[in-house]
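Take a look at the structures listed below.
In the two complexes that follow, chain A is the common piece, with chain B as its partner first and chain C second.
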Partner chain A sequence: MLDILPQWMKDGIGDDLLFWLGYFTNGKHLTWYASVQYTLAAALFGALTALVMGLAGAALRNARFGPARLVGALYINMVRGVPDVLFFLFFPLAFEQLVELIRAQAVCTPEGLAANAGQWPPCDAANWFLGTPEYLALACVSLGIVYGAFAASVISGAMNAVPRGQLEAARAFGFSRAQVLWRFHIRQMWIYALPGLSNVWMLIIKATSLLSLLQIADIVLWADRLGAPNFTRSAGLVHPDWRWGYYLVLLVFYILVTFLSEKVFAAVTRWAGRGMSVANPA
Partner chain B sequence: MKTLIIAAAALAMLATGAQAQTVRIATEGAYAPWNFLDDSGKPAGFEIDLGNELCARAALDCTFQTNEWDSIIPNLIAGNYDAIMAGMSITDERKQSIDFSDNYFPPDPSKYIVRAGTTLDFGALSGKSVGVQGATIQAAYAEATFGATNTIKAFGTADQALADLNAGNVDVILADGSYLSEIVAGSSGSLELTGPDVMIGGGVGVGLRKADDDLEGKLNAAIGEMKKDGSLDALIIKWFPDKAPGPIFAGG
Partner chain C sequence: MQPEHPAPTVIEITDLRKSYGDLHVLKGVSIAARQGEVVALIGSSGSGKSTLLRCINMLEVPESGTIKVADEEIRLAGKPPDRHPADEAQIRRIRSELGMVFQSFNLWSHMSVLGNVMEAPLKVQGRDRAEVRAAALEMLAKVGIRDKADAYPGQLSGGQQQRAAIARALCINPKVMLFDEPTSALDPELQVEVTRVIKLLADEGRTMILVTHDMGLARSISDRVIFLHQGVIEEEGTADEIFDATRSPRLKQFLAAAN
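Showing the complex of A and B:
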């Protein structure tokens, strides 16, 4: 990695610093830096799923049809009480087994079923191998379902906060129900929902540190591996327990992400508040 | 939701179809010099060298992947990979759920490691904190021998156990002697071996699904060949210098 540096630069840096530069840019560390993609992907797609689930949940919660309202209320109230770690462990496993159960109906032969009697999957052909991309997708959906309930609660409250007079005026101008919903209700809802949604986003960011539970080699797992003491010369640099240093880097990383998120949300809030009668919170 | 399940199922079928030709070997990647991740982040070590040699001799196309130790047997049974080479001792308990190839490492004594200067009375150990890696032969032995009067702490990886020994959170660790000897040498005097050797386990072999008799036969043939021509001994001595000069398997 450092071979690309010209000799005069190497001389200027000095051997000690050069050694550490080399150590922190070896393949293991580069893999660690690259693994941030899983964290960011899980946060972005998890948040996107949560937003969709939140809008759907809020729509159900405020629906005119009684049973739909019940489903919405159940989703919001029950899923918010589920620990995210538990759901992270439960949902991917349950989904995998459900897919395998459905596939087993189609692909299993009687011999295959007999060979695997009392075991899972029902037969070898029905087995679904989960690699990192599959686990990442399931992690995003898990995050989306859990935090979608929070988002639904926030959005549902924000929908109710939009002044009735605005909607009545829109109807008086002859807009249809759907037009009132999309052009007035949802559009004015954002300014009330954003403070709450920014909170949910922070929770999702923090929950991405759970990815290693699903065997995804994310930044937390690599920090653990790289920081663990190594006394075996053949396995690389011999060093004592350095995990605190690596965890510290992660803490700084998460604080930086929080800081950047605040800036982005401030900008979005300014955008959502343009032309609104409420005082601009930003 | 329905289309999602169908799409996922279709994707999974494609994935299984494409992977059917190669033998996927799982290792822990945190148990040097048996298996570890080298500076480039790829699995390396004694078992990776051995596995590649066995596969070359058996004309198999092999890839290594890492899996955490405590789920390494369930994931083999679930079919996430086809074999385990992770310093796994052959025991009767494990044989109830998986099969093993012939051993490629002889039965090896487990040893106690402590911070330098610690003296322990292993005949009457009490009130101590004993560290082990969870779901290992040492964990079972420590629980049975010291569990009544001491605290047994099970760690996810052997590295984590060592980190806690170093930090003073456990008093002693019981682990494979083959794993500990290079650690003592590399700790520059801060850690040392103590107490009696403990003989448990029946050597180390490749873990396989019970139904995979064909793969087991091929691997056993390759292991037998490497034992006979001395190349297995040479590989063991390369990674475990304190086993020199042998012979270990060669010449009976």
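Showing the complex of A and C:
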């Protein structure tokens, strides 16, 4: 990496600094930096899925149709109690095997089934190879399902906090059910839901540190690898156990993300609550 | 002075009944309002006057009886307590011709005052934006808060909010204005500014049905006053008949308590 620098620049920088510059820009470190994209993608798309699941869960929870209400209540109350680590392990594996099972019905020959008897997948042809993009998608769905239950709880409460009189006024002026829902009810719901949703977002951010459970080479996995005592045949011990330093970098990273999130949420809350007395009590 | 050909009936309510569980709020009420008429509904709390008003645009659905708006009967379906308007399109169309003003204003707090006034004409009636904007500003000027067009409801006094709510109801060009205790949530000094606007509308010859505790207002603007007591019409007549030639002892008692 540093080879592209001209000699006069290398001379100016000095050998010690040059070593560290070289060390922190070697291939593995660059891969580590790039793996931030998985963490951010999982957070953003996981949060988006959680929001959709939250809206759907809240809609079910407040539905007029009895069985729908039951499904909504079950989702919110059961899933909130499921440990995210456990669900992270369970859901992608269960989903992968379900797909393989369905695929097996179509593609497996009797010979293939016999060859794999007692093993998984049922036959080699049914095997579904999952790469990082697939695992990332499954991670987002897992996050969405688990934290969607929290979001649903928050949104459901916020829907009930919207002043009834304003919704009644909307009905009295002839707005349709869908218009009342989207233009008034959901539009006003945000201001009551945002504080709770910002908590859910923080939980999702924290849960992105679990990506390595799904074979995704994320920032945590790379910090672990790079910090571990490093021997090479040619150079001997390059460095001893430096993991604490790498973990510290991750801590700082998460603190920065938290700080940034709070700024963004404050701005969004100001926007959603413009003119509304709940946002400006003064 | 009676006109030769009486104006057409805009609202016609026949034998309306409504109860909440064992509580019978309306026990067979029939009223009618002709075009240009101002009808005041008075009575003590719990007499059913607000429920009656809210049945006109089906914010409350009656158990039996019929409601006609401009000779069109609102069709209902289902048995109580699941009784509901049978035709969603019909009830929306009828609602968009009735301008409702609430006791608690119920302005949409996430929109500016101008946004509140323009919302229904744009999104329910599908009118042209430039035309609606001009009409909305004209209505705000009429109620005296043209300068508050860009403010949010939370930044206004109660009296200003209620005047904005009146402008919102006016801007849909309603066949009838429905007022549900429009001054009850206001301090006396703020009631005056709202009362002034309501009187102005009465002078314009608008059809209005007004539920109120303000006997002075009922007396000064009403063509007809209806006194409800425990879910039935106890006495009905012109403002003079009701206030100066009271017949029913219950109404006498009510008026004595109100003054």
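The working rule: the second predicted complex is superposed on the first by the 270 of 282 C-alpha atoms of A that agree within 3 Å, B and C clash if a C-alpha of one lies under 4 Å from a C-alpha of the other, contacts with A are read in each partner's own complex, and residues count from 1 in each chain.
Operating definition for what follows: a residue touches a chain if its C-beta (ideal position, glycine included) is under 8 Å from a C-beta of that chain, and two chains touch if they have at least 3 such contacts.
What you see is a predicted model; the values in this text were computed from it and never measured.
**Student:** Does the chain A-based superposition show chain B and chain C clashing or fitting?
**Tutor:** Result for chain B and chain C: fit.
**Student:** Is A:166 touching anything from chain B or chain C once the two structures are fitted on A? First, second, both or neither.
**Tutor:** second
**Student:** So in the superposed three-chain picture, is A:209 touching just chain B, just chain C, both, or none of them (first/second/both/neither)?
**Tutor:** Neither partner.
**Student:** Taking CA centres, what is the chain B/chain A/chain C angle in steps of 10 degrees?
**Tutor:** 170
**Student:** Mind telling me which of the two, chain B or chain C, contacts the most residues of chain A?
**Tutor:** B
**Student:** Looking at A:176, would you say it contacts chain B, chain C, both, or neither? Reply first, second, both or neither.
**Tutor:** second
**Student:** Now for A:261: first (chain B), second (chain C), both, or neither, which partner does it touch?
**Tutor:** neither
**Student:** By the touch definition at the top of the document, which applies to A:199: first (chain B), second (chain C), both, or neither?
**Tutor:** neither
**Student:** What is the contact status of A:62 with respect to chain B (first) and chain C (second): first, second, both, or neither?
**Tutor:** A:62 sits against neither chain B nor chain C.
**Student:** Looking at the overlay, what does A:132 touch: chain B (first), chain C (second), both, or neither?
**Tutor:** Once the two structures are laid over each other on A, A:132 reaches no partner at all.
**Student:** Minimum Cα separation, chain B versus chain C, post-superposition (Å)?
**Tutor:** Comparing every C-alpha of chain B with every C-alpha of chain C, the smallest gap is 32 Å.
**Student:** Kindly list the residues of chain A that each of chain B and chain C touches, one partner per complex.
**Tutor:** Correct list for chain A: none, the interfaces share no residue.
**Student:** With touch defined as at the start, can you tell me which chain A residues reach chain C in the complex?
**Tutor:** Checking each residue of chain A against chain C gives 163, 165-166, 168-177, 179, 183-184, 187-188, 191, 274-277, 280.
**Student:** Where on chain A does chain B make contact in their complex?
**Tutor:** Residues in contact with chain B: 26-28, 30-31, 95, 98-99, 102-103, 107, 115, 119-121, 124-125, 127-131, 134, 215, 225, 228-236, 238, 240-241, 243.
**Student:** Which of the residues in chain B come into contact with chain A in the complex?
**Tutor:** 5, 8-9, 11-13, 15-16, 19, 30, 32-33, 36-42, 44-45, 67-68, 71, 77-80, 157, 159-160, 162-163, 166-167, 182-187, 191, 211, 239
**Student:** Considering only the defined contacts, which chain C positions touch chain A in the complex?
**Tutor:** So the residues of chain C touching chain A come out as 57, 59, 88, 92-96, 98, 100, 102, 104, 106-112, 119-120, 123-125, 151-155, 168, 172.
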